[in-house]
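All remarks here apply to the structure that follows.
Naming follows writing order (A, B, C and D), and every chain is counted from residue 1.
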Amino acid sequence: MIELEHVTKIYRLGTFGRRALRAVDDVSFRVAQGRVVSLIGESGSGKTTIGKMILRLIPLTSGRILFEGNDISALSGRALKDYYRKVQGVFQDPFSSYNPIFKADRIFRILKTEFFPTVGPQQWDKRIREVLSTVGLVPEEVLGKYPHQLSGGQLQRFLIARALLLDIQFLVADEIISMLDASTRIDVLNLLAELRNNRGLSILFITHDLSLAHYLSDEAIILYRGSIMESGDIEKVFQRPLHPYTQILLSSVPRLDQKWEETEIRLKVQEGKRTAGCPYYDRCYLAEKGKICADLKPQLVEAEEQHFVACHRFREIPKEVKHAAGQTRGTSLA
Amino acid sequence: MNILEVRDLRVYYQTIKGEVKALDGATFSVAEGEIMGLAGESGCGKSTLGRSLVLLKPPMKYVDGKVFLEGEPLPIWDREKMNAFRFAKVSLIPQYAMNALNPTKKIKRIFADILASRGIRLKQVLSELNWRFELVELPLEVLKMYPIELSGGMKQRVVMVLSTLLNPSLLIADEVTSALDVSTQKAVAKMLVEFRDQRFVKALIVITHDISLLYQIADTILVMYAGKFAEKGGTEEIISDPKHPYTRLLISSLPKIGVRYMETKLRGIPGHPPSLLEPPGGCRFRERCPEAFEKCGEEPPFITLDSTGRQVACWLITGNHD
Amino acid sequence: MTRYLVRKVTIYLLTFFLAVTIDWIIPRFMPGNPIQTMLSRAALRAEAVEVMRGYYLKAFGLDVPVWQQYLNFWKAVFHGDLGVSVYLFPKPVIKVIAEAIPYTLAILVPAIILSWIAGNKFGAFAARRKWLDSTLLPMGYFLTATPYMWLGIFLAWGFGVALGWFPIAGGYSFAMTPNLSWKFVLDLLWHWFLPFASLFLVMFGGWAIGMRNMIIYELEADYSQYLESLGAPRRLIRSYAFRNAILPQITGLALQMGTIAAGAVVTETVFSYPGIGSLIVQAIQNQDYFLIQGCFLFIIIGVLLANFIVDIVYLIVDPRTRRGMIGEI
Amino acid sequence: MKKKPRKVKHEFLYFAWRNWKLRLGLLVVFFFVLLAIVGPHLTPYEPWAYVGPSARPPCKEFWFGTTMFGQDVFTQFVHGLYPVFLVGVLGGGLATVIGTLIGFTAGYRGGWVDEILNTFTNVVLVIPTLALLLILAAYLGVRSFFIQAVFIGCTAWPWTARAVRAQTLSLKAREFVDLAKISGMRPAKIVLTEIAPNMLSYLVMVFILQFGGAILNAATLDFIGLGPTRGISLGLMMQIALLWGALPLGMWWWFVPPGLAIALLVGALYITNVGLDEVFNPKLREM
């Protein structure tokens, strides 16, 4: 479905662009048909940049993004529009995704003028009601309202409904639930899961919340400062985390079924200047000893079937740390 | 002895459309050494409660209610009189901690000016300051730097040290961890517990929407809904045996690591909280509550159920008690 | 921080170059020919006119091709030789201007500095009192909206003609000859006051309003709210807010230089105060091109210099530009 | 006492009417507009005609008295108002348009385009515009109000360009622009239908400031003799009054009204702008 090959994005900063910020550094991964892949990373890890590059909102510096085999940067005009018929996005802040001075359902009208100019009004209205009920919204409650008159949850579902009008195959969901309240969050996730099951929609779920990622996706990709640290089948990555960063993440997430372990978190100040070697070198507890970590950037290596890691020394991680992080105790609450 | 006692506190917001009943009758107490978690979704009034205990200013309006700090009445409605209590007796780590420091002043200068306003010279507390900076893992050179040169997490920790410098009896931490990355979040949360253990603060109220965070650091959890108290109790009891329907549904809707859509499909809470401009009579969760019955038309009192201080406001539970 | 300075200097050099080029255009493209006006005034016989024309052409260096003139002009500027005034013929332009500059600086510099300080203090003070804000502030808007020259005339009429306290024209009394006596200095001040006051008042209104809005904005900022929740006294909160609100006022000062210069020109004309302002207006009426060219050269240099000084002050005062963030001018 | 929440249909209108600054400002501006339209029909005389005794103070016959040459000051005044509005609207409008275009392109396109336009703006910002206006005005022997408006328009736009650029940068980062892009909208359409409407309220305020600024600039130019060579304007009135010794002779009625009118009109415009700012930006509202 979507394939990223050695995608890199370097931002030029400063007056004449002398300072370079390497936001995404040689990232490659694939999202197959009907699969939900979550892109997990903290702020500044480049996950949103990748989402925007797939949606052609920002250009790549190098590397390629293929959709059904052909390079999307080559698309323009008609071809680009067809691409948007199949690939759509939903963004983080529901209130900033709507032009405040127009009614919320204007986003449907834009689609009609751009993609379906010939469709008759009644037929179009029927389709809108159809997609609204798919996303669990009552048309009378939400149509004809201004964005500030609707809740975050409703607005996000509105955006998903908009994407469904185009009968899309690939959806980039960029932190779509982080602004929503816990109680409405889960329904939006269930909606995405149903779309994958019933319509075979493949989704790139971008988030910083590991428990949400685990709930929804089949595969996980852990990003840190623009590079992939670990990726693979989500059960394997969460049960047997191999990369020190993933372990720290898993042990730091506040959980309801388990108290925080006592593993000490060294809050090292994050120096930005390290270019060569492993991006995680500064905060990695393993890196002190090894020299190789400082000079050579580790590549993704298949540690086990459907489980990759980018760390020179992942085999030397002491037993008990690995156990504590990956341990899940007890079943979910009824 | 209770550090904080609040009886029937009402604080409304004045807007052009009328008065928003953000906090409609709060009665609770916080014991010495207790870290009370204040949880609830956006717009439930938890921030209003936190802010009104320190800085109650327009558009917030004090309606009525009594507040006692270590037995002494706290005049929260009198903005001037409260100055004596602020910082020394009750202090706040604000939601906007990341930009709470004046950008054009060195950190050292900010500390010195505020301490001077209390008649304390910076030199007197320098050694204590060093020890506390070390505790929050901040290098000492930070004092010589401008806020612009610090990362968000570092600014937050500077504010934490500053707000607790005079060892206030009550510290209110408003959404302290929500803007942080997962790893720094854990470190900052544990620092709050450390502040209590080091007796920098006698009691702590942690306001957050993230219940799992409270499970990690709070001794008790108070759940709020639409300006009212739903339930309060020990952290373990609230999480393992939630009594109020809202708490139960809220906890069950939180995905835990290990839970997947395939195996167990979690349920959200349909509908949305009522508007607080014209709050509905009786229990405010009535519309969305699956177990609502006609008694819910009357407002359920916030009753203590047993010796452990477990309190709940729901006829379903308290109904068959009296 | 150095990048901030480099950017600044390049802009100023670019501006100086562009402005001086425009300045050079004045005599070349103005209607009528400077030589012609001089000759007609000399009312000589025909052939004498031809001889004089040849002489003037060479004297003003107009006999060489245009680009050559342009280079000569740049060379001359750096030597301070701005050609000769057409109207007051043998007197070199540089000398005429040198006599006028002290007067202009005398009213301009104190007016700018004092109005800036007073305006900001008053603006901060007005933001504190409700009644002050709603009464004296509209007065501030009225002042800043007043055309410079009208206020000048109004003050001249009010204090000069009606009350007779102040003279309404000239740099000093005609009867007196300039000498270093105490009496003459007093007379100078006596004439100086009204033009100064007129400039002062118009600028004062502008700063007061700017500061009032800025300080309200700063008092609403997060750091002020945090100080309040730490029980900091009103005085401390206000001094922090004032300190931050003054920064945009410094940049504002730089941006206003152009309009202030224009204001000075008209105010001097009202009081026929012998500064560069009235010099230019006379030069325009007499079509004395080289004098106009010289005067504007000084105005351009003055404005650029002032801008540069204000930028340096901003650099010293605002730590953000020094440490990391690149400040916009 | 159960206070029924007021049904507030349009928050903007509600606040606009309550804001006394907005009301006062608009009132004064309309007064002058009315005066400019109705005025000339109120007086039988022509601005330049010698109609009465010279230097007569205001009386029933000549409301604003007469000039040194016996011309009716009130007639000159009302005829002089019209060009003030003309130059204000044209000059202010032109400056707003140029400023918006340059600021908008710099903000929206970014990169080196932004760099160049920004440098150009800063250069024009620093140049004393009076020098520029002088040369252009002197160069064109015959000058009309229209030319003057164009001059002012072309030199007063820099600060608008900077403000609009900042506004565009903040709007461009909003996600509804991205949403429009992935809806297949062409960039030009995005600018027109998504970004521009949001800036409308901002541009209105910018125009009002430019309008006031243009009037002041025009009056200054007229005063130093670079105004239009034909017709009458308030600035011209003051120049003539000063030239012919109205000041030493104490003929206040000749030079007070024109200047006062400009001050009141421009002051009213500024106050309207403040009122609008308060209505749009709640922070200043509580003050």
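One rule holds for everything that comes next: contacts are C-beta pairs under 8 Å (C-beta built on N, C-alpha and C of every residue); 3 or more make two chains touch, one makes a residue touch a chain.
In this text, all values refer to a predicted model and were calculated from it rather than measured experimentally.
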item	value
Most centrally placed chain, judged by C-alpha centres	D
Comparison of C-D and B-C (more C-beta pairs in contact)	C-D
CA centroid of chain B to CA centroid of chain C, Å	57
Computed distance of Cα centres, chain D from chain C, in Å	22
Averaged-CA centre spacing for the pair chain D and chain A, given as whole angstrom	50
Two or more partner chains touched - positions in chain D	none
Sites on chain C at which at least two other chains make contact	none
Residues of chain A touching at least two other chains	15
Sites on chain C touched by chain D in the complex	10-12, 14-15, 18-19, 22-23, 25-26, 29-31, 127, 133, 138, 141-142, 144-151, 153-154, 156-157, 160-162, 168, 209, 213, 216-217, 220, 254-255, 257-259, 261-263, 265-266, 269-270, 280-281, 284-285, 292, 296, 299-300, 303-304, 307, 329
Complex contact set, residues of chain D against chain C	21, 24, 119, 122-123, 125-132, 134-135, 138-139, 141, 159, 212, 216-217, 219-220, 223-226, 235, 238, 241-242, 247-248, 250, 252, 255-256, 258-260, 262-267, 269-271, 274, 283-284, 287
Sites on chain C touched by chain B in the complex	222-223, 225-233, 236, 240, 243-244, 247, 318-320, 323-325
Of chain A, residues touching chain D in the complex	15, 52, 55-57, 80-81, 84, 88-89, 91-93, 96-102, 107, 110-111, 114-115, 159
Residues of chain D that touch chain A when the two form their complex	115, 174-176, 178-185, 194, 197-198
